[in-house]
């Protein structure tokens, strides 16, 4: 383990600085760029009185730095405004909708890693062959496909036309009611396992297959491409050729030695793609009526629910920053050369 | 006659590149007897490393062996399938590379690498026994504090220590032939001498047969019984090292000898000879060295000289020494 | 001289790499169709979207309408063809604007270095802290729908990438002897920056920019789907897909073809990129990968 306490402290401080920066950028976008922030904040159907209230709440008559000060205070208190669509505090809404998104993204990533890395290794070993070409084109396709379109088509074919899989929501409400399933963590797959409620577990699994497969297309392609590129580099490294020349069998040299050099950077790049996948979830959730943060934001966008839009975007940006930090630390911990 | 460990006959290798075929090794032959060491001496780009890689069957994919045979202990390596060769690789045949720091996977300890080699090559599964053998080999290779080296990651060790560790790996399997591909070039001068000393000691004590690849005739003088001078993919002179140093025949060898630094000399420079290597995509018709040779005559540009035995056991490919051709 | 032989070598390698070459052909076709779009649409009025043909609504693909017709009876092929022009406009403008903002900042930050340089880079980092598209969504939600706002929103979230790239390039070039020579000669800083450093640093940035055009198309489509993109009836591909969503169970073709157009075009850019990336500096790529995309 190459991670020291000083490094962790330093990273946490940096994290705080980045979060501050993110909040300030959001402040600039929401308060300084629009001519009348109160109109956006109060929503399209607001009365004059509501607009006046919004003006007061945002303290638009005060100087900018005072506005920024109270903005930051409110932000760190979790006071992110009230959604006029749900009539609830935005922060509470976000916490409510978050588990569904995390569950979807987690399953998508598991699919991406389990399928993507072996495909990348295969392509690297068979580089130049038609297998390599097919894997390459497929993985680049993953990064080129408009994910909301793919979601529509997948839903149309596998749910509406063929009827193989459910195409909406996380779980069938009837199954939930019949079995007396109760939420614990908000992760339905996990909760149903804890309660040993197999009916709900299987139903939830069926529901998550289509959206998570669609969502996994991008990170799967990415991990396959990354694995291929890094693996080819490692195969050309002196130490790989040395391990072969010294008589370590090819299979061991590939899957024990070379793969270890590849795993850490692939995971790091997957960590980066986490942001992309999260955004993908925004689009996919809307198609599949998946009650997650993306669905929440998309509905907010479609109904001009400004506090909800800005709140959830800020939240996801911070979440993304935290994930990146964790990925960095994991990356450092895997590689004995990195001393941090 | 002694048992021949390695016999290379008429080896010819090309590289296929975007700009055409490069004739990297052209019709090279030599042999190594048991307990003997042979040096392949040449400048960079002379094809000496290509020969070593061909023996290890580790040529890059764009290389193609056109002709020849590589016979190790009576079996032709070039006519062997991958499965058969994988039994020989790292067992009868082992290697030390030029850059010790790049030879070890940075994410594994030296001990893990050695243990895996021993596990697969000696077929031992007992972890304690493997470690015992590994530690003994490390000690044999001249490393102090073997326990620490065993548990170290490559970046925690110096180049010299890593090179000793790779020597340990190579000798731990008792190979019939050890290939040393410029094993001291990347090290500083004092270390070079120490590593050579160790190799020489191992050769004498264990009766190792060594194929030594180097650009330095001084190194050859120190460690090799026989020497083969290669230039631009062709063998120019071949014989006992002593003979070649005392009575160099080929003009190229003489030039090389003049520009050779002694071991332990302060600075090591590549031998300097005016002109540059010929374009190996279109090698000249006659003697490959003719364009840079001060003594070249008309015939040198037209006819390719054959390898002839000038003295007993001392071969040279130069028209100067073939009667009738030289006026 | 050196540059042109470098380009020649890259072209040679690109042609050798069949998959990448196919991508190159797709990109050329896209640009060609985008420029010629108004002249090659079978039904120009349908393409622009201002006419309704209520008697030929939701017609499936046929010889007359190879991509079928939409909710308002408009020919989808015409709309998809004209859509290529909007995708081209969006991608070129977004990347151009992002370059215009990002390159000078990276150049100055890299040249000055020190506190000013790292302060500028930290600001760029703040922008990169947002997941892709999200910052653009926030901007677009604030500015409102429309082609111009889409371009501004995407460019605002895009420029820091070029700042980073430019910063790295400038940093490595500013220590070159010829820059020292220029300083000794007493050339003014702007002259050194724009005459001596910029031309030598810009090539990888431009290559990256050309390849990013595919991603810009994809993100613009995402904005349309979230309702913060271009305004109807602009035949932007993402909006066409979105418009077909409501009737997808009855008329799959409305969404299918514009989506395929996005897929194929972006695939073209990415296949080209994939090949080029392997061709160009593998060490830079290695560095990028090993540090998780952040230099």
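Letters A, B and C mark the chains as written, and numbering starts fresh at 1 in each.
Definition applied: a residue touches a chain if its C-beta (ideal position, glycine included) is under 8 Å from a C-beta of that chain, and two chains touch if they have at least 3 such contacts.
On a predicted model such as this, the values are computed, not experimentally measured, just so you know.
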| item | value |
| --- | --- |
| Chain at maximum distance from chain C, centres defined as averaged CA atoms | B |
| Pair of chains joined by the greatest number of C-beta pairs in contact | A-C |
| Centroid distance [mean C-alpha coordinates] between chain C and chain A, Å | 23 |
| Mean-CA-position distance for chain C and chain B (Å) | 52 |
| In the complex, chain A residues that touch chain B | 237-250, 252, 256-258, 260-261, 334-337 |
| Complex contact set, residues of chain B against chain A | 56, 58, 86, 89-91, 94-95, 97, 99, 102-108, 113, 116-117, 120-121, 153, 155, 166, 169-170, 173 |
| In the complex, chain A residues that touch chain C | 17-18, 21-22, 24-26, 29-30, 33-34, 40, 133, 136-137, 140-141, 143-146, 148-150, 152-153, 156, 160, 225-226, 229-230, 233, 265, 268-269, 271-272, 274-276, 278-279, 282-283, 286-287, 297-298, 301-302, 304, 306, 309-310, 313, 316-317, 320-321, 324, 327-328, 331 |
| Chain A-touching residues of chain C, taken from the complex the two chains share | 18-19, 122-123, 125-127, 129-135, 137-139, 141-143, 214, 218, 221-222, 225-228, 238, 241-242, 245, 248-249, 252, 255-256, 259, 262-263, 266-267, 269-271, 274, 278, 282, 285-286, 289-293 |
